[in-house]
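Pasting the structures here.
There are two complexes below, and they share chain A, which is joined by chain B in the first and by chain C in the second.
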Partner chain A sequence: MSDINYWEPENLTDAVSILADRADQVRALAGGTDLLVKMKKGLTNWKGIVNLKGLTELKGFIYEGQTISIGALTQISALIDNPLLSLHFPALVDAARSLGTPQVRNLATVGGNLCNASPAADVALVLLMYEARLLIMGPNGSRQVSIQEFYVGPGQTVLQQGEILTAIEIDLPPLNSKGVFFKHGKRKSHEIALVNVAVLLTPHPGRKQIAQARIAVGSVASTQLRIKDAEDSLTNSLATLSAFEQAAELVKEAVNPIDDVRSTASYRKQMVGVLTRRALVEAWGEEL
Partner chain B sequence: MSYSVVGQSVPRVDAREKVSGSALYTGDMMLPHMLIGKVLRSPFAHAKIISIDTSKAKELPGVKVVLTYEDTPKILWNSAGFPPSPGAILVEDQYILTNKARYVGDGIAAVAAVDEATAVQALELIEVEYEVLPALMNIERAMSDGAVLIHEAEKNIYGHTPVVIGDIDAGFADADFVFEDTYYVPKVNQVSLEPCGVSMAAPDKDGRITIWTSTQMPHLVRSITAHALGLKTGQIRIIKPPVGGAFGSRLGVVNEPIAALLAMKVGQPVMLKYTREEAFLATESRHPITMTIKTGVKKDGTFTARQLTSYIDGGAYATHTPSLAGPVAGWFLAMYKSPNIKVDNYSVYTNSTQCGAFRGYGNPQVVFAVESQIDDIAERLGIDPLELRLKNHPCAGEVWLWSGWVIESCGFEECIASGAKAIEWTKKRSKIGNESSHQGSKKRGVGMGYMMHVSGARPMLHETSAAMIKINEDGTANLIYSNSDCGQGAGTSLSQIAAEELGIPFEDVMITKTADTDVAGFDIGSHASRQTYSGGNSVKNAAAKAKQKILEMAAEMMETPVSELVVKGGRVWASNKSSEEPAKSVSIAEISHRAHFGSHGNQIIGVVSEEPPGNPPVYAAQFVEVEVDTETGIVEVLRVVAAHDVGTAINPAIVEGQIEGAIQQGIGYALTEEYCYDQESGKPLNPNLSDYKILTSVDMPQIETILVEAACDTGPFGAKSVGESGLVATAAAIANAVYNAIGIRFKELPMTPERVLAALQNKNK
Partner chain C sequence: MKMSISLLINGETYQVNVPHKKTLLDVLREDLALTGTKKGCDSGECGACTVLMDGKPVNSCIVLAVDAVGKQITTIEGIGGITELDPIQEALVAHGAIQCGYCTPGIVMTAKALLDSNPHPTESQVREGITGNLCRCTGYVKIVEAIMDVSRR
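== the complex of A and B ==
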């Protein structure tokens, strides 16, 4: 790592203007658990970093009616410790718990997990399933995008020069719905997902049919995906093992994983099916 | 026998400094004017170096010295830490910096600069022109016709270790069944918490050089480094501060000669500290071995012939490999009795990082293969696997073929009995493929593996150890020992042995926590599970000598013959004849004071330098229960019962810690760990802890250790060994449990989810 410039702005406006002025040359630093690793490996030619740690207003939770707003700089470990999140968004807490190691979780932020745009990101996947809205501040003011529109490719987002992700909003899921996050790896901690899956099932009042299904999968394509076909196949259908199996098949058909040092494409494809089915069974939560 | 300090789980002598973070490791040290060293590494697995231009690097401000092959002594050497001995086969094939790259990471040049950033920048300014040669990444390619030569060895084979006992052909002819299977075990890394390769060298004005290094063997590193540099052994002083784990990785020279050469050229101290990635790239790991085992057996389970042919992938330099071929043969032939045995081990060069020592030294590889096949044999013969092992293992009173010496004590039957009971062998083994939760996709099984191991390396190697006990004026004792404790707790056990023998409280013994070759006598270091047995014997004998002098002095003071005196609790007591009189005693403090300042005027000191009296083998039986997820291929180890015959456990907590820690490595070997190379380019694919999968604390199963203390006569207070043996049988036990769960025999490690799932799908086709 050679010499670089370093800023610690005290407010969002300053942070945005430093980032906007220096354009491609500088990067925002949140927890640094992705950024510093890349810099140390010499994978970057950035000339400077803007440490966002002074922007305390981007940290923590705000509850308003049916919506929770999570500051982009909120640490992953803070998600685990939050009782209301455990109550309403258990899948988010499970994903947070599965991320890295205690040391990493104490540094890593929710915003960093999204902006890094890794297809394997755990917390980001659950936010995709919960249909988060992302609040962005930039040189031309603030804007909001849906998480579905946020990713452009692996490591790439719609963020423009000088833009900072400020908050993530999620609405309380429908009553009686249940969200589940499953992660597949070779060990139980310090593991980048070979495959991860987040699902949500909302039953019809009689609890025999599925009113709504959401299925998000990671590590099986260049970006994380919602699998519409699989979701649609479940809508208004009876909750049966074979319905879940069929949905899992549709997920397998929709993905396009790769071979790498961590696993093979064929194994990942099989696992996304197994995990989806298991997650759906778990989300339904009753004998089938 | 009842002891007062031996057998107690006293806290380790280095516990406080380590848990509080105040222990100073080599990498924490700083000297005035200290420079930072860095090594330029080959990006190619096999390449001739056509030219190197260091001029730009030398011009960079802050760079003090840049070295290449041109600047290194033209002395071929071998880094493996062996004393000159019958079993040390030392092929000398390396230079401090190479003139031909033989693996990705091979050291081409070295720099020392005022700080790390400058040193790194200097590396980038060195211009090297390479002529790339084919990368031979496995033994098949390396041994193929017309393969380029990595060194001057025909077909890249540089060692053949044959053993013949009896008549192997007659043995097979005599058999009712003959089994022949080929097994493969991968390259795995020791992954000590402190990355391997940390040393700091400081030259003085008298032509000597002091090297602080994270090593397992200060004295041998001294002589090997001296040889590589063309110095006299006495010109080097090695200091070994606390070491953050070793597991064999520091069993020899790592990077000390590079640090020393840089420091000598520039006349300033140089710190050379490898990163985790460099520890993967450029330091020694466990040998991948391809083993074919052929076994002839009678219907009743008697072995008529046992044969092993193995190809040991030693990587780019010889280091330990031809010597390791000896123990590989030894482990195999000594495990089970058979009148006819044949072994052929071949050492093969490939373009991967050189392999060396890793806890078990070839034994985990051999035991995985042998114990896998034994289970298959037991199944075919319809004999309980436990019975087959009990029938064929060597027992106390018989000659152990590893050493050629009579086995002193054997706790194996008890290991089997207590381990089987704890895991509920009879109940659980009967239910093959036991189903459990999750839509019937998970299947459980139990399995076991057996092993024997050494308590030193005699007679293969000289096992010299030296210890000195000096009794201070206040009755406390210094134990001066080349203490190569690398985290296993040997320094504590040795202190307990000294306290027990002297008859003083444990707290009153102070061992030299830092080893210093200018201070302590010659000791061959921490290896072969030898510290407690071999080192312990010399410590005990040094203490006995000091105690004898204490008694003689006490006899004078108490006017009682030595034969009527005993030492206990820091005092010498006269065994009083008539019980009416109160017991007479005098404290060791008083005795020592009298020794120093009375009419004799000499301090009580006991010194020995000697080889241990033997090499008693230890036994273990490990039992595991696994659950195989047949939809994902994930094998989860639910429970491990590790029954180990260790002789007397000097410190049971330390012994249990050694076994539990080793099991973590054993499970990794079985399921998750494999250091991989791109087979075409030879580039390592996972030289980091994200992609090289060691198990974390939450992955660990419940472990039950059972200590079977079959004490031996020659060990200090009956101790044998435990350092390495905890992982030797683990992978075999897991493979056998997986077989019990799903009926599939894995002959290749690790049993990754991908491989297990593929095998399940193949089976169901």
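== the complex of A and C ==
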């Protein structure tokens, strides 16, 4: 086993400069739940690891007005343990609870879930639905991108060499809205999603019509997607089962899943419709 | 390239010289002869290698040893003793929740962390708590019963 180079920078500036100077030779280590598995399988050609554990300022929650900022190195288990998130972002907590196992959740980080850019990622999907803003630090200073602009393809993001995702900001969702996360797999737990769905519905006052709908889907395209056509079909429409079924059909038309070891494209397409309809019914939350 | 590190395991400090790439699991088993922690899948799936890091269960096969510096590590060797079993170990024995025994150290560590943070869990909390520990012998019923039994004491 040939060993690797290893750094433990004590601050963000040092971490950025180590990552920037060594081009494709090194990788940043956060929770390690994917990085170490890839390394052991010999799937990597990089020669060094930059362990970010010393950047304690990238861990934990900051509350400011209507916004919660989640440090990129915050563990997934910390989302579950946070009562304010349970109150305001229940879908995020549900996604966190469905990710991996308790052991993995104690290691894996929110930033890692995003930067891996897996189309099946659970926490990342809900952050897409909650319209997160991603704060990035790099050799040329800091910048911010919307989560919609973050993904380029499977495993690929807009992060340039030397850039580190530092924080994820989410705003409180509209008053009276309800967010729902559903995941479909072969098991109830310890599962990578065959399909996952996150929706948010905001009713008009009086609760007959839908003011706003958000629909995000995962594992059905090369990146996770918001389905604008389906969302628009629900805006200002009456909340009926047929409206939700129509939106689910639009989702099925918009996705482009693949066959792989975990499922087939046709099954995924079918199930993304089923999950979307069920999630919308759940998010509306009363008799239709 | 090796690195000299000190690890705090079961309350004792160990000085080891390890390659950067070496996992906590391999250091425990190969360098420190703490072989109670088992290697199953070696990819963070099965939970046989579960140890506690600052009281929380983690898969030691996907933690670099160098990354465990500064943490309090608890392994199965730090639970109970040869003459005096931990109540969790006693209950697993009493309920016949062990067959081949390979998953057992990991189960004990996970159950310990679960009961430390939630002394009286519901059955579904116990089932959820051990989702990261695969057992291919007993089918989990007896394991769940054993952990529930400890929680009622």
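Rule of thumb we're sticking to: the second predicted complex is superposed on the first by the 287 of 288 C-alpha atoms of A that agree within 3 Å, B and C clash if a C-alpha of one lies under 4 Å from a C-alpha of the other, contacts with A are read in each partner's own complex, and residues count from 1 in each chain.
One rule holds for everything that comes next: a residue touches a chain if its C-beta (ideal position, glycine included) is under 8 Å from a C-beta of that chain, and two chains touch if they have at least 3 such contacts.
Values in this document were obtained by computation on a predicted structure and should not be read as measured data.
Colleague: Give one word, clash or fit, describing how chain B and chain C relate on chain A after superposing.
Modeller: Because the two structures are overlaid on the shared chain, the partners are seen to clash.
Colleague: Between chain B (first) and chain C (second), which, if any, makes contact with A:H190: first, second, both or neither?
Modeller: both
Colleague: I'd like to know which partner A:Q270 touches here: chain B for first, chain C for second, both or neither.
Modeller: first
Colleague: Looking at A:V261 after the superposition, I want to know if it touches chain B, chain C, both of them or none. Which is it: first, second, both, neither?
Modeller: first
Colleague: Look at the residues of chain A and decide whether chain B or chain C touches more of them.
Modeller: C
Colleague: Could you tell me if A:M39 is touching chain B, chain C, both of them or neither one (first, second, both, neither)?
Modeller: second
Colleague: Is there a shared patch on chain A that both chain B and chain C touch, and which residues make it up?
Modeller: 1, 3, 101, 189-190
Colleague: In their shared complex, at which residues does chain B touch chain A?
Modeller: It comes out as residues 117, 121, 438-439, 631-634, 671-672, 676, 685-686, 689-691, 693, 695-699, 752-754, 757.
Colleague: Over in the complex, which chain A residues touch chain B? Could you list them?
Modeller: Residues 1-3, 101, 184, 186-190, 192, 261-264, 267, 270-271, 274, 278, 281.
Colleague: Which residues of chain A touch chain C in the complex?
Modeller: Touching chain C: residues 1, 3-6, 8, 29, 32-33, 36-37, 39-41, 49, 51, 53, 77, 100-104, 106-107, 189-190 of chain A.
Colleague: Spell out the part of chain C that touches chain A in their complex, as residue ranges.
Modeller: Touching chain A: residues 1-3, 19-21, 23, 42-45, 47, 50, 53, 56-59, 61-64, 66-67, 110, 128-129, 131-133 of chain C.
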